[in-house]
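Data block below; observations after.
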Amino acid sequence: MLLSQIPTTGFFFLAPWIVFFPVIGLLLNMLIGGRLSEKGVGWLASGASFASFVVSVLLAYSVWTGQGHGESVYLSEWMHVGALQLDWTFRVDSLSTTMMLVVSGVGTLIHIYAIGYMHEDVRFKNDPGRYRRFFVFLNLFIAAMMILVSGDSYMMLFVGWEGVGLCSFLLIGFWYDKDTLGRSSWANSDAAKKAFITNRIGDFGFLIAGFLMFWNLGSFQFDQVFEAAPALAATQPGIIIAITLFMLVGVAGKSAQIPLYVWLPDAMAGPTPVSALIHAATMVTAGVYLITRSAPLYTLVPEAQFVVAMTGAVTALFAATIAVGQYDIKKVLAYSTISQLGFMVAAVGMGAYVAGMFHLVTHAFFKALLFLSAGSVILGLERGHHHLAHHGHHDDHGEVFDPNDMRNMGGMRKTMPVTFWLYMIGTLALAGIFPFAGFWSKDEILADAFREGYTTVYWMLSIAAFFTAFYMGRQIWMVFFGQARHEAAAHAEESPRIITVPLMVLAALSVLGGALNLPGLHTLTDWLEHTIEVHAGEFLISVALISTVLALAGVFVSWLIYGRNPLKAGQPDPLKRPLGLLFTGMENKWFVDEGYWAVFVDRYVDLSRFLADVIDWRFWHDWFHEKVIAGTYNWVSNIGLNLYADQRGIDALANGLGTLTQNLSASMRKVQNGFVRSYALSVLLGVVLILGYLLLK
Amino acid sequence: MVPQTYYIALSAVLFTLGALGVLVRRNALIIFMSVELMLNAANLAFVAFANTYQHLNGQIIVFFVIAVAAAEVAVGLALIVAIFKTRQSIDVDTMSSLKG
Amino acid sequence: MTQVDFYVLLPLIILVTWACALLLVDLFIPKERKWLTALLAALGLALTLGFSLSQLGLENTGFKEMVVVDGFSVFVNALLLLSGLLSVALAYGYLKRMGIERGEYYTLMLFSISGMMLMAQAADLIIVFLALELLSLPLYVLSAFARPRADSEESGLKYFLLGAFSSGFVLYGIALVYGATAATSLTGIVAAASNGPLTGSGNTLLLTIGAALILVGLGFKVAAVPFHMWTPDVYQGAPTAVTAFMAAGAKIAGFAALLRVFATAFPSIAADMTPVLQAISALTMIVGNLIAISQTDIKRMLAYSSIAHAGYILMAFVPYGNPEVAPVSVAAGLFYLVAYALTSFGAWSVVIAVEQKEGKGLAISDYAGLGRKYPALAAAMTIFMLSLTGFPPTLGLVGKFYLFRAVIAGGFIPLAIIGMVTSLVSAYYYLRVVVTMYMQDGEPETEREFWLGLTTAGTALVIVIVSLVPQGLFTWASEAVLRLF
Amino acid sequence: MSVDLILFFVLALVAVAAAIGMLLSQNAVYSALFLVINFATVAVFYLLLGAPFIAMAQITVYAGAIMVLFLFVIMLLGAEKLAPGKVLPYQRPLAIGLAVLLVAEAAYLLLSRVQSVAAIVTPTVETNTVEEIRRLGMALFSDYLLPFEVTSVVLLVAMVGAIVLTIREKGEQG
Amino acid sequence: MEFLLQPLTLVTFFPLLGVLVLLILPGENKSLMRWTALVTSLVTFGISLWVLGMFNPSNPNLQLVAKYSWIQVAGWNIQYHMGVDGLSILLLLLTTFLTPISILSTWTAVEERVRDFMVFFLLLEVGMTGVFLAQDLFLFYIFWEFTLVPMYFLIGIWGGPRRIYAAIKFFLYTMAGSILMLLAILWLGIEGGTFSVPELIAAGGIPADIQFWLFLAFTAAFAIKVPMWPLHSWLPDAHVEAPTAGSVILAGVLLKMGTYGFLRFNIPLFPQAALQLAPWVALFATIGILYGAAVSYAQADVKKLVAYSSVSHLGFVMLGMFALNSQGMQGAILQMVNHGLSTGALFLLVGMIYEQTHTREIKVYGGLWKITPIFGSVMLIVALSSMGLPGLNGFVGEFTILLGAWGAGMPGGAFESFGGVWWAGLSALGVIMAAIYILFMFQRMFLGPEGSIVGETRQHGHGLRDLNWREILTILPLLIFIFWIGLYPKPFFDLMGPTVDNLVAALQTAKLAMP
C-alpha cells in the first residue's frame, strides 16, 4: 500500500521535530551544559528525548486516526544533481512510527536511567567531566536513529545509518583511555574503532546496493523504487538479487549478523546504558527495519530471501553457542543479542515481517531490561567493591576487580532483590516462557518458519531457543543464586530508584509486550499492513508447545549444571570438563576474531605497511625518484662536468662503462681540459663534421 | 694551363696546415703564425677565384684582409708580450687555469 | 660618398666619431675623474641611440650596397646601443673598485659597439668580415683589461687565439662563397644562386660549404656548440663588466649577422643548412644546460647559461629558408634576444654587486643569505633567474612561449621538446642560486653603487613590466624582420 | 705538362713544404722564417694569377712588416723554444686525423663534386700594368670606400688595443 | 581604469595592493604586517563575494567576462580573457576563503621574515585566483607557472628540515609536467589561431587521434599537480616540509588546479579523447584511491598521513570527473571544495598542535581529547568529514561521485568500454579504508592513554593548551561549511549545475560524432 500524498489532518507536520528535539538538546548541552548541574544536563537530554517521544506518539496517533495512511513530510532539498533527487523528507507511516516509538520510548527510559547510572559511573572511573559528553552523544544517537527510521529514501536512511554508527563509535569509546576495568588502555578505543570499521564494511554493501538501485530503478525514494522494482524483476531478477544481497551486507554490519557480528561483543566496552539502548534495543535492529522496509524488493526474489533467512538462522544458533561459554555478564547478553537479531533477520528473510518487527519490539523491551539490570548488578558490585575499599577490610592485593565477571558474583538475589526480580522477568521473556513478551514474538517467528516450509531454519532457531533458555538460566544461577564468590558481591548494594524505576517500566513492557500481536488479534499485523504487504501468522499450537518444552528444558538443564551445585570461587565452569574442546571453542568465541585478525586485519596492516614503506617510499620515492630520476639527472649532468674537469668522476664513469666508451671519454678528456688548443680542436671537429655531413648528404 | 681547382686545392691544404698548427703547437707565437697561414690560404683562394671571374673584387678583399691581419697581429703580439711579462712563458698549455 | 650613404650609416658614423673624439678627450681627463669619460661615452651612446631610432622606417642601402638600413638593423642597433649603455653603467663603479679604471675602456667599448652595429647593417660579406674584426679586437683587449691579473690575461689570449682561428674559417667561407657566386654582396650572391654563374651543382655545393664555414665563425661568436668552448673560460676570466657586455653584445651582433647573411644570401641552400642548424641548436641547448648544472662559480654558470640560450635563439633561425614560417620564427628569435640580453645584464649586474676584490664573491655559495641581508638585490636576482628559466612574470617566459610557438609552427617539434626539457633542466641550476640566496645562511657583502643599482632595478622592472605588455616589442620585432624575407 | 703547370707544382711544393716546416720546427725563429718563405711563394702565385698589387702588398706587409714584427717579438721575449711538455698526448694524433679528414673532404669536394673546368687566365703584360693598379686604387676609394674606412678604424682600434695592453701604468710592476 | 575595475581583474590582482603596502611598510612591525596581509585577503574575499553576488547561477556560460586584446601579432591572438562560470566560481571562492584562514593560522607560527612570508602568500593568491579565472591558454599558463614561485619560497624558506629538497622537488616535478602542456597549448594556439579557450571549444574539430595526444599532454601537467597515482611522489615531501599555511593552501587550492585543469581544458577541448580515455583515468583514479588510503594507514607522521589521504581523495575527484555525467562531475567539483575544506582543516589542526609540541609523530600522542576537548571535538568533526560521514560535506561529494561513477559503468556510460561499474565498486572500498586510517589517526592521537608528549610538555611547565580564540576563529568558518555542504549543498550544486549540464550535453554530442 502506498503512502497517500494528499495532506491529511493530523500532526504530520511535526515529523522533523523528532530529529530537531534531540539536536536542540545536544546543542544546548554542548553550549550551556557546562553551567548546568549534573542533574540538569541529564534531564535536559532526557527531556529532549521525551519530546521526541511525544512527537512520535502524536505521529502514530495521526496515522492511527488516518486509518493507517501515512505521509511524506518534506523539509528541504538535499542533493539534486541531474536525475538524482534527494530531499530531506520524513516518512511517517505505521512502520516508521513503530520504530520511532520504540526508539524514543526506550531511549527516553534509558536516558533517565543513565542520569543515575552515569552519575555513579563517572565517579567510579574518576572523570566527572565526561557526564555531559555522554548525554550529548546520547541525544545525537536519538537524532541519528530518528533520521534512520523516518527517512523517506534509502539515502536519508543511510545518513541515520552511518550517524548511529558514529554514535556507537563515540559511546563504545566513551571510556577511551581506559579498559572496562578502569585501567589505562587502548582496549576501549580499539573496540570503538572496530565497531565503526566493521559497520563501514556493511555500509559499503549498502552503498553498492544503493548504486545498483539508482541506476536500475531510477531513484532512492522508497515508493519510486518499489514501484519500479516488479518490472525489473520480471526482466532482470539478478539485479534485484544483487541489490538485496548487498543490502544484506549492510544489514550484517549493522545488525551484527555473520560474518560481521564481531564488533558487537566488543561494543560492551561502552557504558551499560549504551549497551542497552544502542547495542540491544535500537541501533542493531536497524537492519531488521531495513529489510522490513525493503519488503517489496525482497518478496520479489525468493533466492535472496532464503539467503537472508539462513544468515539469520545461522547467526542465531552460532551466537547462542558462544553465549554459553561467556563469563562476562554483558558479553552473555551481547551474544544473546546477536542470536536474537538472528531470529529477527531470519524472520524478515522468510517474509515474516510482522514476526520480525514484533520480535524487534519485544526484544527491545526485554533486552533493554536485561542490560540495564545487568548494569544495575555491575553498579551494585562496584558499590560493594567501593565499600570494601573504604572500610579497609578487603584483600586488596593489587588484583583488578572485574565487576562484569559472573565468577565474581553469586547470591545476589539477597543483596539486590529488586534487580533480581527485574532480571528474572527479562530472562523469562528472553527465554520465551509463556506468557512473557518473548514467547509470543519468538513463537510467531518459529510458526512462520514452520508454515513457510523453512524447515532447516525452523530447527536451527528452535535449537537456538533451547540454548537461549540454557545460557540465561546459567546466568541467573551464577549471578543471583548460590554463595557470593567475591567479597564485593557479598557487599553489593541495591541501586537507587532512578535506576530501578525505568527498569520497572521496561519489565512491565516485557511482560505485556506480547499483547501487541496476540494470535487472533493481530494488532501489529493490522497496523503494519498499512505499510507493507503482510499476512497474519497463524498460531500453531504444536510449534508453541515444542518451543516451550525446549525453553523449559534449557532452563532445567541449566539448573542441573549450575543451579543444583552452585559454582564455588575459583572453580572452573562445570561444562568445561564434559565438553572439553567444544567448550573452549565457545569460551573463545570459536576463535572467529583471531581468524579475522590473521586473515584480514593483519594482512591489511602488512599490505599497507608494505605499500607505504617498500613500494611507495623505498621503491617509488627513494629508488625510482631519487635514484633513477634524480640519479640519472645528476649522472648526466656530471658527465658534462667530468669530461671537463673532474678526473675522479671520469674514472668512476669509465669503470662502469665499456672499453670503447672508456677510451672515448679518456681521449675526450685529453682534448678538453681547459687548453686553448683543445678548444680549437673542438671547433675543427665541428667543421669536419658539418662539412662531412653536407658533402656526403 | 693550370686548372683553377689546383689553386683552390693548394689553398685548402695550406689552410688545413694552418689549422693543424693551431692545434698542435704550444707556442702562442707559432699558433698565431698558423692563424696567419690560414688567412693567407684564404687570400690565395680569393685571388684564384678573382682570376677566374676576372674581377678586381677578390683582390681588393685580399688587400683588406692583409690590413686586418696586420691589425690582428698588433693586438695579438701586444697580448703575448703582456702575458709574457706576467708569466715568463708563451706556452699556451700553461694557460689552463680556467677550466671546467 | 653621397648623402644617402651618410644617412644610412649615420648612427655608426656618429659613434665612431665620438669614439675617436673620446680617445683624445680622455687624454686630458685626469685619472681621478674618469667618471667623466664614462659619462661622455654614455652620452655618445645615448645620442647614437637617438639617431638610430630616428632611422625607424628608413629602408635604404648605402656605400654601393655594402650596408643597409632597415627595420632589422634599427632594431638590432637599438638593442646594441642599449646594451652599451647598460655596460657603461655596470663598468663605471666596477672598474674603479677593481683598480682598472682607464679611459680606453670606454673607447674600446664604443669601437666594439660600432663593429656590432656594422654587423647588423652589413650587406656585403667583406663588411661582415671587417665588422667581425672591428667588434672582436676591442673585446680581446677588454678581456685582458684587468692585466696583469692572470685570469684576465689568460682569457684574453684564449679569446684572441680562438677568435682569430674562427675568423679564419669565416674568411675561407667567404672565399668559397665568392668562388661559387663571383659576388660578396648578399644580393649578388642570391642573384647568382638563382641565375648567375652557379650552373653546376658542384658550385651550389661550394656555396653550401662556404656558408657552413661562415656559420662556424659566427657560431663561434654566439657560442654555439661545438664552437663554444672559449665561452666559460673567457667569461670567467674577463672583468665581469666586460663579460656582461660580451654576453649580450657579441651574441646580438653574431645573431644579427647570421640572420642577415643567411636569410638574404643563402635561402637557396636552406634545405641543406636546416639540419645543421637544428643539430647545432639542439646540441647547444643540451650541452650548455647540462654542464651548467655542475658549476660552482656564478660567472661560469652564467657562461654556460649563455651558451644554452644561444641554443634557444638558434632554434628560431632553423627554418630561416621557409618564408612561410621564418618571419614569425625569426621575430621570435629577436624577441628572445632582447629578453635574454636584458636578463643577462640584470644577472651580471648582481654578480658585479656581489663580487669583491681578488675574485672573491664569485662562488654561488657566496650568495648565501643574500635574501635576508639584501632583499631587494636578491629579489632582483630571483627575477633574473626566473626569467632565464622561463617563468612568469618575466620576459623570459614570454620569450620562450613565443619562441616555442614559432618552432612548433615551423614543424620542429622534437627541437621544441628538447628546448622545453632543457629549460626544465635549467630550472635546476637557476633555482640553486635562489635556494642559496634565500634558504641558506651566510653573510654576503655587496657593493652599492648608484648606476649599478639602477641597472639592476631597471632591468628587473623592465623584464616584469614588458612581460605584461609585450605587444609593442612583439610588433617591433615582427616588423623588423619583415624586409629580410 | 705545360710550363705553367710545372711552375705551379714546384711552387706549391715549396709553399706546402714551408708550411710544414713552420709546423715542425722546434725553434720559433725557424718557424717564422719558414712562414716568410711560404708568404713569398704565395706572392709569386699572386703574380701568376694576375694580381701584382696584392703580390706586392703580400711581400711588403705580410712577409715584410708582419713577419719582422713576429721575429722581433720572438727575439724580444727570447721565446724561441719552449720547455718540453707532454700535457695533451692525444691532441696531436687527433688533430692530424682531423686535418687529414679535412683535406680529404676538400679533395672530395674539389675533385669529384665541383665540375668547374675553369682554367687560370695567365696574366698578360697588359694586365700587369700600372693601369691595372690604378683601377684597383679607384675601386678602393669608390666602390670599396666603406671597407677601406672600416679597415682604418680597425687599425686604429688595434693600435689603441696594443697600447692598452702594453703601456705601463704608474705604479704598475714590471 | 575600466580594465582595473572589472570584478574578476579586481579579485585577482587586489592582493598585489597588499604586496605593495607590505613592501613599503617601514620597520619590522610584525603585527602590522600580519594585519595588512589579513585585511588584504579579507577584502579580496569580500570582492569574491561581490563576484558571487553578480554571478547568475542559471547561466551556463562564462560570466563577468573581462576580455581585452593583449598580444596581437603575426598570427598570435592572445587575450587578457578572464571569466567565471559554474566550474570555477566555487574554486575562486575557495581560494579567497582559504587564504585569510591560512594567514590567520600563521599568526604565531611564523615569526621569521614575516614580511616576506606575507608577500609570497599574497602573490600565491594572485596566481591561484588567476588560474581559476583565466580563459586564455597563455594567460592560464602564466598564472599556472607563477603559482610555483611563491609556493617554492614558502616551502623552501619556512619549511621543515628538508625544505630545500622538498621545494626543489616540488618545483621541478610540477614544471616537468607543464612542459608537455606547453607543447599542447602552443599546438592549439597555432592550429586554432587563438588561445582563447571558449573560442577553441566552439571551433572544435580537432581530429580524434590528435585529441588523444593533446589530451595526454595536458594530462601530464595536471596529473602531476593533482597528483594522480603514480605521480604523487612529490606530495608527501612537499606537505611534510611545508609550513602549516603552505600545506593548507597546497592541499586546499593548489592540488585543485590540477583537477580543475582537467575539467576546464581536457574535457571540453578534447571530448572524444576524454570519452575514449575515461576508463583509463578511472583505473588510475581507483588505484590512487585504494593505494592512497592503504599507504596513509601505515604512516608514522600525521602530516604524511593527511598528505597521502589527499592522493586518495583526489582519486575520487578524478573518478567522478571522468564519469562524464552530471552526478560525477558535480560531485567532483564539490569534492574539490570539500577536500579543500576538510584537508585544509586537518592541516590547520595538525599545525596547531605542532606549534606546541614540534613533533608530528603519531605515536607520541594519545589521549589528547581529555586535555584539549575543543581541539579533539573539532578534529573529530573534520576527520569525519574527511572520511565521508553522511551529514557532513565529504559524503555529499563522495556519494555523488561514486554514484556518477557507477552510472558511468552502466551501458552508455563513460566507463562502459573497460572496467564498467568495477571502478565505482572498487573505489567504494576506499570508503572503508578511509575509515581505517582516519579512525586510526584519531584514535592514536586523541583516544587511549596519554601519550609521551603530554608528559613532556608538562615537564616544560606549561602543558598542552586547548585551542585559543584565534585558532577557533580560524577553524570555525571551515566547520560551518563542513556542516552546510553536508546538510544543504543545494546552493553549491546550483552554482555549478547549469555549466556542468552544458558540458555533459556537449560530451553527448561529441559521443554521437564518434565512430
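Chains here go by letter, A, B, C, D and E, matching the order in which they are written, and residues are numbered from 1 within each.
One rule holds for everything that comes next: a contact is a pair of C-beta atoms (placed from the backbone, for glycine too) under 8 Å apart; a residue touches a chain by one contact, two chains touch by 3 or more.
Everything numeric in this text was worked out from a predicted model, so none of it was measured.
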{"item": "Any chain in contact with subunit B as well as subunit E", "value": "A, C"}
{"item": "Neighbouring chains shared between subunit C and subunit E, ordered by label", "value": "A"}
{"item": "Chain whose mean Cα position lies farthest from subunit B", "value": "A"}
{"item": "Chain ID, smallest distance between chain and overall C-alpha centroids", "value": "E"}
{"item": "Far-end chain from subunit C, centres as C-alpha averages", "value": "A"}
{"item": "Distance from subunit D to subunit B - Cα centre to Cα centre, in angstrom", "value": "6"}
{"item": "Inter-centroid spacing, subunit B versus subunit A (mean Cα positions, whole Å)", "value": "95"}
{"item": "Distance from the mean Cα position of subunit E to that of subunit A, given in whole angstrom", "value": "35"}
{"item": "Centre-to-centre distance between subunit C and subunit B (centres being mean Cα positions), rounded to whole Å", "value": "26"}
{"item": "Interface hub residues of subunit C, defined as touching at least two other chains", "value": "126, 130, 133, 137, 140-141, 144, 147-148, 157-158, 161, 165, 205, 209, 233, 295, 428"}
{"item": "Residues of subunit D touching at least two other chains", "value": "87-88, 91, 95, 98-99, 102, 109, 113-114, 116, 144, 147, 151, 154, 157-158, 161, 163, 165, 174"}
{"item": "Contacts with two or more other chains, residues of subunit B listed in rising order", "value": "8, 18-19, 22-26, 31-32, 43, 48, 50, 52, 64, 68, 71-72, 75, 79-80, 82, 85-86, 92-93, 95-100"}
{"item": "Pairs of chains found to touch, sorted by chain label", "value": "A-B, A-C, A-D, A-E, B-C, B-D, C-D, C-E"}
{"item": "Contacting residues of subunit A [partner subunit C, same complex]", "value": "633, 636-641, 644, 672, 674, 676, 678-680, 682-683, 685-687, 690-691, 693-695, 697"}
{"item": "Complex contacts: residues of subunit D adjacent to subunit C", "value": "109, 113-116, 142-147, 150-151, 153-154, 156-158, 160-161, 163-165, 169, 172-174"}
{"item": "Subunit B - residues contacting subunit C, complex", "value": "8, 11, 15, 18-19, 22, 28, 31-32, 35, 38-39, 41-43, 45-46, 48-50, 52-53, 55, 57-58, 61, 64-65, 68, 71-72, 75-76, 79-80, 82-83, 85-87, 92, 95-100"}
{"item": "Touching residues on subunit D, where the partner in the complex is subunit A", "value": "87-91, 94-95, 98-99, 101-102, 105, 108-109, 113"}
{"item": "Complex contact set, residues of subunit C against subunit B", "value": "126, 129-130, 133, 137, 140-141, 144, 147-148, 150-151, 153-158, 160-161, 164-165, 168, 171-172, 174-176, 178-179, 182-184, 197, 232-234, 236-237, 295, 300"}
